[in-house]
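Some structures to go through are shown next.
Consider the two complexes below, in which chain A is the common component and chain B and chain C are the respective partners.
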Partner chain A sequence: MTRSWNTMEDFEAFLNDGGIVEVDDAMPEDYRKAVFTFIEMHANSELMGGLTERDWIPKTPGLRHKMSVLAKTQDEIGHGHLLYMVAADMGIKTRTEMLEDLFAGKSRFHNVFHYKAETWGDQVAIAFLVDAAALASQQAVFKNCSYGPYRRILKRIISEEGFHMRLGEDRMMRIANGTDLQRELFQGALDRWFWPSLQLFGPDSKPGDLLLRWHIKSERNEVLRDRWVQKFVPLLQSYGFSVPCPDLTQDEDGRWDVGPIDWEPLKATLAQGGPDSKRRIEQAARNWERTQWVRTAMDELAVPA
Partner chain B sequence: MTDSTTHSTIDFLLTFADDEHLMGQQHTEWIGITPFLEEDLAFSSIGQDELGHAVMLYELVLELQGIEATDTAIDELAYRRTDEEYRSSAFVEYSTEDWAQALVRHWIYDTVEEQRWNMVAESSLQPLREVSVRAGREEVYHRRHANALLDSLLTSDAARQKLLDALEVLTPLVPSLLAPAPSEQAALNDGVVGGSSAALDSLLVEAIQDRFGVEVSFATIDQPPQARLTRSEHFAPLIGRMREVLDYDPEASW
Partner chain C sequence: MIYEVFLKKDGRDEYRHAGALEAANDELALVLARESYLRRAEGSRLWLARRDHIIEGGTDFVAPNADKPHRHHDGQAVAAHRKQVREDRS
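The block that comes next holds the complex of A and B.
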């Protein structure tokens, strides 16, 4: 059944009452666009995350270990696949259009995937720090998400991301209990990935944030970011790693403060000017181009002459 | 088992395991860059299966050697032998960035692999029979996947040409895959394997004729006399990639 609302006030009252919007509802166009853009960015991030990890998969140290890492990356790409379908159903762009926009550098993905995984330590840091940050963001969306198809997909994504985070933690612990070389490797990765992971939550939410108002997000960015800091600063220190924050302080209640955050690196990634943005997008675009013949053949098959 | 029987059985198992390992490795390198997302997921699943088969075969080797099959012991076997001790074929050592080649190789490899598992289905080595049942079940899906894609792509003239070009590049490598383990005769005598790899040649020629509509011949392609004892030029960069992190700190456990 298609539902409709006469005014934005009616629609917002529906959302405030805990209403869930479905794909065939006549939702306000601004809501449709906002939700679509959010899901498209999530889908792009899952895919680009997979591409960041794939560089190190062939080098995974250990055969069974490689199978776990591969399963994780497969999950990430699978999430992208599901999310693109949910986004495409909203009728704004097809899946192919979304992928082509991504590879043309026209659409966004999370800041962290504009950085390069330099070492195996980075791969572990991503699984440990970034996946935890992504999971916290997704859980906050899932908690009160007003768009039904996205909420249902998030349930599955979150359960798999929880497994990824535990895998990352397990790998980090092995390194923490390992040799000096391993610990040095991970400390280098931590120095590179701590701030981008923290910035994944974004700057403080603005007062009129429509995503909060329309129950897509349920918590403010700064709240989620602070929760992550309170968890990861002591955790990393307990494993003997140093947190790369020169202004780090702890108040009398034990709460950690990382000091002023430089948002310039985040802004650079939004403008596709991150440290590895160009290479990453060019690489993805080249792969897409190289395999165009397969998609063309499939399209010919789908549309008989 | 006598010492010589154990030795020949191990050699036979390693020949199969190394092919599975490197084929799985090659598939894993395609994640994220195949023509569409569904293929990323499929190649990744198939790659995991092949790596899993390698693990099961390496476990059997360790069991015969009287070594507990820990992750470390499996990795010693999988990554730490000298080049001469590997038994992999040039067919799986070859790395490619051409997806037509990856797909045609997937089809050829799984066509042969299915037969290899069939040949050990009645093995005198009971754990190998069990592994064969499990792997054989997965192979049905691998074959189905490759065939479904080829069914579609071969109907397009442009795609068909790409696939035939890929077949032409891969054909000279196929005899290395069909080459027997150095100990194959002993393994046959001991009932570890029920058929000779020589039988795979005509079977594959016929399958290629049915699938692609072209005639190929492997008999005329030059091969080193003991193909399984030498590594191709593609092996060193591949194993180098695979060992990079392990070599970073040989004392480490990851």
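The block that comes next holds the complex of A and C.
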């Protein structure tokens, strides 16, 4: 242990002064747990997102798109690897324990991966809307993150998520310039994915939010969510699609308001009760079992000759 | 033995390779590293790795990843669309 703090006040003063915590510091246990839980959920989400993406490799239309879906799947699984390592280094759970908890339905992952991707349009909507929302959240963490190992890994993840978002918008633009059938396909996907994407930011941050207080998050959920709305409502409209908000209004300054947000669907996903939660977790657990032979072979390989 | 020296400043930076040194053992290598690479607190943390413990992936091994255009997207068409939208509004 290189550094320690006598009291939480000292530790918070260190954080408020721009201090960065490293893995071998004697950080307060509450901070360790909160940061670990946050990173574990991020890692789980990358893995579950990668598995969804993987499902679409055989179904993706055209070689060009297929290759980009392959690249994106590899990126997401890679992010999972990077993040599970950062989380495991915190000494609370091993990587295997985190994976086993995830496949047993005991851990959380982002709401958006509790829904079913029905068509190629859904994949495009995910790459554009969901990746943009995830990217905005990650950038807000990167900006002021007090936990050094997470911050350094985020730098790399963010640059790759930017690639996913550019892909998503490019695919959407091709669809927007395509046939009526293509536009209908995407509008259907947008109707399904707009609200879950917006809910990804979560309900308004509570006044005593510890992740804000400890400089993990740098912005309140409602601020990030509103920024996403102001950017994506006009952007979607510019491609000729309509935003599925019955109460959508725009004030004199041009600011958009999506109206009241129903948080029940988000709560359901947090309790693994989303529309596709059960199938997703079961499928991931089956993959884990089916690939046991690979892990066994690796372990045997690792024994020195 | 030859050691590779990595230094980290406090805060946001990662460990960075600073150079190498030769010493009889780990303990002497640490002292020599401190006295030659950290004379003016160029870092607050120090890693030494024995050169013969470093596993190197050579340029030939890394090269295939320089030829994967599908892992990139320049976003030019999208940027042109966004620019057009901004111009139409103003």
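The rule is short, and it goes like this: the second predicted complex is superposed on the first by the 292 of 305 C-alpha atoms of A that agree within 3 Å, B and C clash if a C-alpha of one lies under 4 Å from a C-alpha of the other, contacts with A are read in each partner's own complex, and residues count from 1 in each chain.
Everything that follows uses one rule, which is that contacts are C-beta pairs under 8 Å (C-beta built on N, C-alpha and C of every residue); 3 or more make two chains touch, one makes a residue touch a chain.
Computed from a predicted model, the values in this text were never measured in an experiment.
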Touched partner set for A:M67, first chain B, second chain C, both or neither: both
Comparing the two partners chain B and chain C, which touches a greater set of residues in chain A: B
Partner chain in contact with A:G50 - chain B first, chain C second, else both or neither: first
Touching partner for A:Q182 - first (chain B), second (chain C), both, neither: first
Partner chain(s) touched by A:R151 [first = chain B, second = chain C, both, neither]: second
Partner chain in contact with A:H81 - chain B first, chain C second, else both or neither: first
Touching partner for A:M173 - first (chain B), second (chain C), both, neither: second
Partner chain in contact with A:R295 - chain B first, chain C second, else both or neither: first
Which of chain B and chain C A:S238 touches, first, second, both or neither: second
Common interface positions of chain A, toward chain B and toward chain C: 64, 67, 70-71
Chain A residues within the chain C interface of the complex: 2, 18-20, 22, 64, 67-68, 70-71, 75, 148, 151-152, 163, 166-167, 169-170, 173, 234-235, 238-239
In the complex with chain B, residue positions of chain A that touch it: 47, 50-51, 54, 56-67, 70-71, 73-74, 77-78, 80-81, 84, 120, 171, 174-175, 178-179, 181-182, 185, 284, 287, 290-298, 300-301
Contact footprint of chain A on chain C as seen in their complex: 10-12, 14, 45, 68, 70-75, 77-78, 81-82, 85
Complex interface listing, chain B residues touching chain A: 21, 25, 28-29, 31-38, 40-41, 44-45, 47-48, 51-52, 54-55, 58, 71, 74-75, 78-79, 97, 99-100, 152-153, 155-156, 158-159, 162, 241-242, 244-246, 248-249, 251-254
